[in-house]
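Here come two complexes built around chain A, the first alongside chain B, the second alongside chain C.
Our next item is the complex of A and B:
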């Protein structure tokens, strides 16, 4: 059986991407802590096909070719449209998606994938190994400038001996090889050959192979998908998926209460304060809480002085009270972390402790770095220039509030901070991709594999790539390169523990909180696994169903 | 403006109530640092979204800040923006209006076509577009609102000038050899002052609304500084739950704008001989 991949909502993050907002059903570890107030009776309704599921997102995807988009909004949609060669099952074991089997050579350098026979794209063209080869060529093409390119550039040679076989050879054994192929969505060659992936109309009007196909994308309003009858994994139960673009989280919540959407990611105040205080909402909604593989951070632009000075970065780290942010902004629904891995997993180094809140140490470090308050205005100066910078963030309430708390704490040690909150698309295109910022408050959604080459390796700084803070450390570079080649899990763990330690010591970012993914799903949606398996609540969303009596009037869905 | 006129205006109950509202709002805002029970930016993560209570008369916001204190301080911002923006627009409007009305001819045509062009652009969108290119800040907001709302004043002043410049006392002065500047500043302008004042007072109401709107959209006053508009934005997030965050700043904007409008209308009625004749 190869049909256990979640697709309805962004179920897994196979890859690192920049997260837009509260993550939607994105747990990815073997210790999924999921609670649910689900009082519905599954058995009351037999599974049946049909119906429409409506969800909402705050930001619009920049492209539906996920290898260039690199953001959660895009991945939430494309995970319903495209397959990869491999995927994770509900217990986070790798299994075939487009392939029926794969073989790894004894020297660990060659992998041979066998595609399932008779697979079809949604336009009835056959899926062959030529598509896979094309996709590999696209992701490694310099013109594509994919943030994920480095994973696939390690492939020395790719060949297609026959239409169902795809054979790759690595220069050296690559530890994250299977994981990387589980994250690469295969694109149709016959639609894309000779086109520029950045400008092609395909990115708005894609043809895929997964449970759903895109029918209509009305800019700023919604994306409508319907069941793909040619789906390579067989039919999903729910007929239509509508993803509405509702940039404002409170408007989304109003729509959820008014029964106009079925599912949304919640912020901590809605999860912990508003819904518990309203019995009618508790009856209507099932709540899910999962420790996601994601975290919120404050990142310095290391190319802008004075953030190139490690003492300044450390000082700021000491000056920020992370617990206050977790308590005040996340209402306790967060964890103070010291490494870029999900707490409790093997990759997270248990011997590291977060920077404590210590304003005196911060002041001492700033003084050491040459900052003193010469004119007595309470703001430090160096060479006559006051220490002042701007924090930018996207219009996400938690991040804005975190920034306000940071602003206050930094003021106490003599740093003047202004805050600017910018709409997602222009935030990414105008500030992140161009590197035109001092400090960002942002989040990372991470994959299951510990490899974070894309984010931290010094070679990943081109516009559109993920090392936009400009981090450069030869030790880290070396560790990341080693980690990719190390196949022994224990040795690999040591490498990533050391990596996290160097990172913590360098303080290129301040970890603010590893947050929980909080989700509300309407009780009309049945078939949800409770408690959630390690792969998260959305893992079997293709199997969710909405019983006829509980469906909303279809005429009202538009 | 002379005192009897003010008295006359305030004998109108609506204008009087407007006047009282504005005085109360102004006084409270001026005294904000002394009467606000808390520091408006004092974050207290243990007191998030508390309902109105004896400790926090108007409740607390999403970061545990006292809403009353934030409203009092926010009032200062709103009124400052209102007054400065109107100051700017009035100065520009009066200058261009006087030049157009006094010199007539191509100057007049040019200025009035400029006014037409400016009026043909929806001002809120113009402001949004301009702010998108600048860094949002109080100073920028005041300047931008000022620069985009002078057209009404210019038209008004021009119209006044057109009628006054033909009057006998102006003729007399001109015959005696008075220079243009003297004619404008000692004769024409003082005699068109009342409509300018009325329009300025009404303009403050518009500017307060504009500032609130921009701050509501996140383009106005930036965190952590409070303004009524951005308290409302915070409130919108929890409108079904934390009603106090939406209600009080909303009411403050409503009442203030109402106050300026009542006073402005009342003054106009009192100062306009035609409307007096009707009564």
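Our next item is the complex of A and C:
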């Protein structure tokens, strides 16, 4: 009795599974029907304005006042709403944003900015130098507690001789001054005077000056922006921007596949494997890759022996196969670097080459440093102590995988490595701040200015500062100090080229890779520069357009 | 009975203080604070500014002093303001002098999570009670076996995996349901009827998937409760006096078999506000689970404490309600309480 019943159940389930599989397969094959409007996706269209661009991000901004927010979600939105005095052009050279010109005094201490005339905030009030002075006062105010205050605290004196002139004087020449002003978004004084920037409702309902203005921010769902007709830089082509908040990357990708969003950042697997294997996605998505301003590295705690020995550091550098990490972890979507600057920019020294993968050289250097395998267990020893250390990293899949590949390569030269992955806040406060680590795998995201004083200068080693690996080199100290005082770009370039060379030779960190930023944009969006200029694919997003026939049903997005 | 309830409510006060004290200390056991988040690991952000933030939030004070400050605010039911969201109120909205309203974080997240979980609980109960009864009536029969199999397959399938598959199948391949979010982008411009339709379409997957995976527990409870009851003498009596099987099952057996469910529902009250981090992340729903998880990662202490306090208060209330409901439903218990 029981046996017949269970066979019945089993065959029923088998039947159900087959039906389900058949259903899935048939529905998959019929999916191209739903995208029948794709036929003219690749036609040529003249630029026209209108339409809505929908993108997505994983986090929600904490505030739309970027001087206190700090996270990328916030700057992704505010960069459409606010202008700075200066900005970077598509070749990453500084040009005026709100200002028409600026002048540096002969002693290099005073900078005079001239605002463009007749600028308006989105509420039709004029933009004047008083707004700029107000913004400077706000960012340096103790109560604001802006993480970026230090750049602006160097300004000794700021004055506004007339409504279009803003004049600042530094104690001594500050080379990163222009870069810092390109990063400070100017806020409207008439809206914010006397308010606490942390509690003001302006941070959720801002008035700006850029191409777009914020219409609606629905918590946890989306931010909607529409064209600012008073934009100081003229009109953008696309009428409306909608940014949806979708925390999960896979869900975002499903939305992209279903045509519900137009643009998203990709990881290497989606870029190199998933999209190329699906013709319908390849047809409707354009893929872009560009070098980002960040790199992954393995850093030694230079206060812990044997990492105080440059031969050991070099040996480990030779023993790690960086190309293997780029191919295995980033699916080839990264490059090998030899200096802490974005390759192809002025600051990156083209004469430097990365340490090649050379295990024999590594073994020789380790031997020279006194490491030999005395007991024949495959692990090197010095003074009877086996060479063994722990790599720590935060919970980041790519960094964890890189650490595993490093572990294997170091094992081959006789070094025993263990790996520990730790949640971010604990990682920083328990290990990095206390200096209680041997080796870290981490990344640096860098600005466009070459000054890296905070990371490499020997004075920056206190707990909470950024030279946590304890790097100390008097030549580098001197170069970094010089670089901060030198405003002439060509002289500065020489200084930082030399700095990168000393750094490479000292090998306090092993550069693992600089990954590409990967983006997919729906083919309905036209006017995108290819190949991307150094400033990236989004540099001219105000010039992007969506031709009428390719737009979504506008009713569905308003 | 009233005495009993009052006594239980008064007991909740010291218990809540104890719970909050332990929570507060455990929360501070995890290394790091709000100034250690990933965005602040930026060479442009100086340690001095982080130190200043620590002072603003009193994080430089000893933990017991911080707890005192927190308790002092809690006495007047002030849950404080979030560190991470730049002073957004944790619990309920505040109004500034110009009449601008800033909504509270829990105020925004709680209704969403409650709606999803209540709908989910309703679906679970509606499905699991009949399934449990069928399984018990046909104990060891093919109905019982297929129900058990179905339940355990549902229980074992990882919810996020099933979610992604169904999102792909129903949202991308067939475009029958929206993939993520709570509303369409044009929600504001819809009429009431379309708004309701839109909301239900968005809620379908987030509500149905957890209900399927949650079915197993309650079905088993109902089935075992039924099996117990069906072996009681009074059921034999009922059958012996010639009642039809329908009446035996639904009038005599079921009411007694469902008693343990009261406890389960009472215990699930705190879960109703908890929300699931994974489901909320996948479906882009700004609910309580995501709020709590993010707050923990950011070390946003006022938010963590706010949610823990409300959660523990609701747990205590849920227990009390379950006990009271039990006493109301079961005379045997009632006599015990009165004594």
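Observations on the structure shown:
Here, the second predicted complex is superposed on the first by the 305 of 558 C-alpha atoms of A that agree within 3 Å, B and C clash if a C-alpha of one lies under 4 Å from a C-alpha of the other, contacts with A are read in each partner's own complex, and residues count from 1 in each chain.
Following the convention adopted for this analysis, a contact is a pair of C-beta atoms (placed from the backbone, for glycine too) under 8 Å apart; a residue touches a chain by one contact, two chains touch by 3 or more.
Quantities reported herein were computed from a predicted structural model and do not represent experimental measurements.
Of the two partner chains placed by superposition, only chain B is touched by A:274; chain C is not. Touch criterion met: A:445 reaches chain C, while chain B stays clear of it. Applying the stated contact rule after C-alpha superposition, one finds that A:419 touches chain B and leaves chain C untouched.
Touch criterion met: A:250 reaches chain B and chain C at once.
After overlaying the two complexes on the shared chain, residue contacts for A:327 are found with chain B alone; chain C is out of touch.
When the two structures are aligned on the shared chain, A:397 is found in touch with chain B, with no touch to chain C. Annotation for chain A, partner touching more residues between chain B and chain C: C.
Contact with chain C, but none with chain B, is seen for A:142 once the two complexes are overlaid on the shared chain. Comparing which residues of chain A touch chain B with which touch chain C, the overlap comprises 248, 250, 254, 257.
Those residues of chain A that touch chain B in the complex are listed here as 248-250, 253-254, 257, 269, 273-274, 277, 324, 327-329, 331, 395, 397, 400-401, 403-405, 407-408, 418-421. Within the complex formed with chain A, the residues of chain B that make contact are 41, 43, 45-46, 48-49, 62-64, 135-136, 218, 222-224, 236-241. Across the complex, chain C meets chain A through its residues 30-33, 36-53, 56, 84-87, 96, 98, 100, 102-103, 108-109, 140-142, 145-146, 149, 164, 167-169, 171-175, 179-186, 188-189, 280-286, 290, 297-299. Residue ranges on chain A touching chain C, taken from their complex, read 2, 5-6, 8-9, 12-13, 24, 27-28, 31, 34, 54, 60, 62-63, 68-72, 142, 145-151, 183, 198-199, 201, 203-204, 216, 218-222, 224, 242, 244-248, 250-251, 254-255, 257-258, 260, 423-426, 428-430, 444-447, 452, 454-455, 462-466, 555-558.
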